[in-house]
Amino acid sequence: MPIRDQGYQRYRGDRMQRGRAWWVIARTGIIERLHRRRFLALLLFAWSPFVVHAVQLYLGATIVRAAFLAATEDTFHTFLTQQRLFVFFITIYAGAGLIASDRQSNALQIYLSKPITRHDYIGGKMLTLAIFLVAVTWVPAMMLLLLQFLFSGSLEFFLSHPRLVPAITLASMLQVALAVMTMVALSSLSRSRRFAAMLYAGLVIFAAALERVLETATGSPAWILISPQNTLLLVTDAIFGEPPEKAALLALAVAALAGVLAACALVLERRVRAVDVVA
Amino acid sequence: MIIATDRLSKWYGHVSGLNDVTVALPEGITGLLGPNGAGKSTFMKIVTGQLRPSAGSVRVFGEPIWGNAAQYHRLGFCPEQDAFYEHMTGREWLEALARLHGMDNATATASAGRALETVDLIDVADRKIGGFSKGMRQRVKLAQAIVHDPALLILDEPLSGMDPIMRRRTIRLIKDWGRAGKSVVVSSHILHEIEAMTANIVLMHNGRIVAEGDVHQIRGLIDEHPHRVWIRADDPHAVARHLLAGDEVSSVRFEEGAVVVETPKPDAFYSRLTRIAASGEAGAIEEVTSPDDNLQAVFTYLVKQ
Amino acid sequence: MRDPVVAPARRMFELALGEMLWGRRAVFMVLAAGAPILLAVVMRLAFATGSAEFIVNGNRIDIESMFGTAISLLYLRFIVPALGVFYGSALIADEIEDRTITYLFVRPMARGAIVLGKYLAYLVCVIAIVLPSAALVFFIMVPLAGMGTLIDMLVRDLGRIALGLAAYGAVFLCAGVSLKRPLVGGLIFVFGWEPVAQVLPGYLRRLTIAYYLQAGAVGVAVLIAVSVAAVALAMRTIEQREYILEQ
């Protein structure tokens, strides 16, 4: 006599026409990472430069003799540059396993067997990392701006620096986009989260080291283009209107960054598939 | 006794994995039976020295196992996890592990070949493990446990992922090992699989030993436990009338479109129900379900005793 | 019982050596060692054709001095610590993450032998790849005429590289045995703490491996001691620790 399992029931509730799978994936990833205490500690520590700058702004606004600490455009530019280190570590900590772990546990095929597109999947994974990186770049920078407004008690600073908000936004979004695209692309290349982290760290560190040695050796600034991080610095300088040492390279730098992002997109297009061919 | 534990306990933080387990496993084949989360894997990991007891002791071949590397000459372990060196072929992997047992190259090669033949993987021995199917992966895991011809085998859910034919072959293999003088402790949550291998069973539930002994005794406990059977039929009252004509049913109640009966003699009851359904005397019977015919129900029953 | 450590460590070394040399992860090691060679070729061509001047701190320098810069900037500050962090921390941590450590733990060998065998395989691999890379850079960059006087410098630099690989590898091996995510901590130590500590006053810089790589005979002794102690600690830790593998 057949004995049937009563466990499964067909879903009879409401169903959206087109699901927001990318948000489901992102939210799950964010919540999972926020449960890790060490990661929370890293995120909190990433806000320590904000605290230092906030104190600096306060002193600059309230103590006449400390007026040299008052905010300038360079304050925000410097802040975003300082956050690069935290962006690097948060990218590795939160981003290395985004796709690599799914490949290791064969979850990628399960994801893609659901009614979601590859772009939903990739978008959700990118959003997971992007949210954390925005939280340590754009958000604290904008909060510093807000504190500047509150401490100064006037809109004078805003009015005299009208491009500051778009500059901060563009610079931090570029920083986030480069880190997110690179890390997610490298994560899709491996089944090991650690190997993906190694690849990212190697790319960032070695490229920077090579660039430094070549530039020192030849005196040519063009070598900056082999290091995505330093290229980004060059572009960020230009965004904040600072006279870049390597102004002539700006167009090439933008093209190089676009090239890196395009290469990452190509990698993801090829690697995120529901089929895994084993030789 | 080949494995003896005394008040063995293991907890992971606040979660108890094993709770005051005292058991002595004899030579031969012992089935470790229990639902998921019963503590079978934890028990096996402690017995194989992967984990350290939080309290109590465990002895294998009369000696402690933790930090006693010499024991692994006589012990083979097939873990539950599906984890391999995917880039290696089955043959390379087994030869490497055999060499770790101290075998020279020639002996390692021969032992690996024998193990692969035993689990029916010799034809694909030179394929990368990454290209194996689930069943093949399970078999190569078994092979690594036997490559050094151990006296004691600890097998954690060895039949998981195997097709029915391979399951039958593996069960026969385990019985052959038992007849050859090896001791085998094999875990599963499926009663009839364990039944096919051995009569000697240890039942676990919630980290405790619930029962141990002969499988027929366990079967008897199941039979004594009244079975509930849910029958959906066109005419439930007619079905109930026919069933009550026999002595297999101890109670009857009705639900919408169905009748729920309790029977202390499930085997006889099902025979009778089959005859009633086949004859059509009580109308069409559309569905028969027994929520009690599973191990969880048995354990629940046993735990409540 | 038969020797539980030395002979098993040798067998483990053979297994790990094959994995390290022929696995996909060796590609990273080869790239890291190969990049300086390409760099040296580029610089030598640039120097030979006169298409570039080598200027450091406003002073024009010769190509022989560039070798010293390359060793210092590229090898000792990046390649050696990076390989130590990446591969040293992965030796045991990868086996735990992949859940294959079980197969090693149920072999008749002391757990410490696993650590020792893998560390020795790492050391042989990285030295076999990085030292020839550095030597090749030397032979590319330094003209034949100047080699005789600079061989001492080459031998000293190769020794420092080997010592650095041993020390970083040992320390991060120990981290990999003890910590769940040794890579991030390792990167913070090597690329966060060490550069910062070099500019801090007092004894703080002595809490780095980089300091002892520049510290002459005393540094050599300290690094050897650190390497031996770290490996010994890793062997002891793995004997006593239990690893709860994620299912």
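Observations, loosely collected:
Letters A, B and C mark the chains as written, and numbering starts fresh at 1 in each.
Keep in mind that, in the parts below, contacts are C-beta pairs under 8 Å (C-beta built on N, C-alpha and C of every residue); 3 or more make two chains touch, one makes a residue touch a chain.
Bear in mind the structure is a predicted one, so any value in this text is a computation, not a measurement.
The chains touching chain A as well as chain B are C.
Taking the mean of C-alpha positions as each chain's centre, the chain lying farthest from the centre of chain C is B. Averaging Cα coordinates per chain places chain B and chain C 47 Å apart.
Computed centre separation for the pair chain A/chain C is 29 angstrom, with centres defined by C-alpha atoms. Shown for chain C are the residues in touch with two or more other chains, namely 24, 98. Interface of chain C with chain B (complex): residues 1-2, 4, 7-8, 11-12, 14-15, 18-19, 23-24, 98-100, 102-111, 239, 242-245, 247. In the complex of the two chains, the chain B residues touching chain C come out as 12, 48-52, 67, 69-73, 75-77, 79-81, 83-85, 87, 96-97, 99-102, 144. Remark: chain C residues 24-25, 28, 31-32, 35, 39, 42-43, 46, 52-56, 66, 69-70, 73-74, 77-79, 82, 86, 89-90, 93-94, 97-98, 181, 183-184, 187-188, 191-192 touch chain A in the complex. By the touch criterion stated above, chain A contacts chain C in their complex at residues 38, 85, 89, 92-93, 192-195, 197-199, 201-202, 205-206, 209-210, 212-214, 216-220.
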